[in-house]
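Following are the structures in question.
Same chain, two partners: subunit A is paired with subunit B first, then with subunit C.
Presenting the complex of A and B:
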């Protein structure tokens, strides 16, 4: 069974959404699912910054659109 | 199992694809600061008696710039840092960043000069762009802001004017000039020598990717907001940014390559295309290449 994670995207959807990610998916894979370029965002898991090639853990993932004009 | 920092075995907070490194918070901060110190040492020789004016909008880039310059130079008694903020008069936007700028300079104990378009030009940007006009809002804002910034920097005797341009900004501007075939503008991006009346620009963050500036701000608890200027951004820059970012994901290191190639060429280009000499604008006295400067032209002064 594929894991589900809660994803909050700032500023546009801070209320969060539940997303199914394939087993062993990385944060990079998650961004591909969401069609977000990794150069434009910072990823946090439970408030901690995480590397893009890390495996998506359970928890709340925050995607900050850190680059203006995006 | 979290990925570990390649330098100390703590949990990594970033993977820099272009360098192949995983770094923890401490070693990421060190890496950003190392790049900035190296840029300053190699490109912007800071000397005894320097007064470094820092263009502080209150956005993440200029906040990080001031924080790091303070960290590097506050112990040196022979170098002074002065922050300058221009309040263009953009309702609902500038008040917020201005507040962040004020908070940071008071915390750090840095002299802070705030001047407005309203006081200087008798009109806010909102009022200027509401008039009949030929150019986009960003043209007015950019020309007037740079002119006023240079004027204030000269008034306080600044020897350098530091701005928060990061690697993404630089790569975009270089690429835009390539696409437009604008060699003169490219040389102006990295002037070979100081010009009379124009305070020497310094871009200490030019070797740090924008994403890493944002991460640096977050891990150092620096004020960080994602608000955007209500005026539309240059459309071309947006397109070029998306193109470069698509390339960067597929070919990590592209942004650095664009800048590295440019840095190698610009010195040679500068010899082939001598810079136009500057004169004083006959209305405001600011340096310019024509009789009347761009700012006065836009304001309809004559």
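Presenting the complex of A and C:
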């Protein structure tokens, strides 16, 4: 059964959206589905940083822009 | 130390709060804080930490004041062309003679970071690039120094307090450096660093005066356009290269930055 995840994207959709991810999909695949450039963001699943090539597990996925300005 | 009558008057609004009192104010006056960067974030951090009576404020920056800085860097007015650390020192000396400013007109680099942070109790990251952020994080984790993180981009900002080995560090979350420092060309709303920098300063004052709950294991994400503050849970990463179970970064090596 394909995992269902809640995805919160900051700042675009912080309230979250439920997405059905294809079975075996990676976080890289998820970013492609969402049309997000993987080089600009970091991903957390239930607060834990996840590798881009890791398989998506059920949970709340947070996608944040990596920013460095000061 | 004993507070003078001038100090009791200057810090009366701190002292009158029972949770802070004279003891909390003394802790601030005895503390040593290193602020890395005296630009957008550094300006409010320096301004409010100086006003709060931080005893010694180290400020490191190799830039000079340019006119395009003044839209957000509120401590540098009237000092065009002057090194930012000198401008910041003048500002602090006008604001609060209790504060000793140590100005470092230089870049923070792998060769000097450990010596620089060793003289301070805590470090505030007001830098403007990923390389310095990773460098500071690693040095602070390796030397067990509290690090107060803030970063900004256009209309958004992030704040987090890093207490090494108690909660996640910067690399636990941002495990690898993005390829670009996009903020350099993207612009920033001038008020934004004021919001984020004052939150960093709040965390520093709380930590030093032993008040409240630090922003550890949580990141505050601020979106000025949506006028939202979101709290994002962030966990320690067992695979973190600097504070994980099997760290690969065990010393400051220039090749890593």
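Convention: the second predicted complex is superposed on the first by the 65 of 70 C-alpha atoms of A that agree within 3 Å, B and C clash if a C-alpha of one lies under 4 Å from a C-alpha of the other, contacts with A are read in each partner's own complex, and residues count from 1 in each chain.
Quick note on the criterion: a contact is a pair of C-beta atoms (placed from the backbone, for glycine too) under 8 Å apart; a residue touches a chain by one contact, two chains touch by 3 or more.
All figures in this text were calculated on a predicted structure; none of them were measured in a lab.
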(request) Quick one: on subunit A, after the overlay, do subunit B and subunit C clash, or do they fit? Just give me the call. (result) clash
(message) Touch test for A:66: subunit B only (first), subunit C only (second), both, or neither?
(response) both
(request) Could you say whether A:14 touches subunit B, subunit C, both of them, or neither, answering first, second, both or neither? (result) second
(message) Quick check for you: in the superposed arrangement, does A:49 touch first (subunit B), second (subunit C), both or neither?
(response) both
(message) Pick the subunit B stretch that clashes with subunit C in the superposition, from 131-139, 149-157, 185-193 or 257-265.
(response) 149-157
(message) Please report the subunit A residues shared by its interface with subunit B and its interface with subunit C.
(response) 10-11, 39-40, 42, 48-49, 51, 64-69
(request) Show which residues of subunit B lie in contact with subunit A when the two form their complex. (result) 2-3, 11-15, 17, 22, 25, 59-60, 168, 209-211, 214-215, 218-219, 224, 226, 228-229, 233, 237-238, 241-242, 245-246, 248-249
(request) Mind listing the subunit A positions that touch subunit B in their complex? (result) 10-11, 37-42, 48-54, 64-69
(message) Applying the document's contact rule, which stretches of subunit C touch subunit A when the two form their complex?
(response) 37, 39-42, 125-130, 133, 150-153, 155-158, 172-175, 178-184, 186, 188, 193, 217, 221, 223, 225-226, 228, 230, 232-235, 237
(message) Which residues of subunit A touch subunit C once you look at their complex with the stated criterion?
(response) 10-11, 14, 39-40, 42, 44, 46-49, 51, 62, 64-70
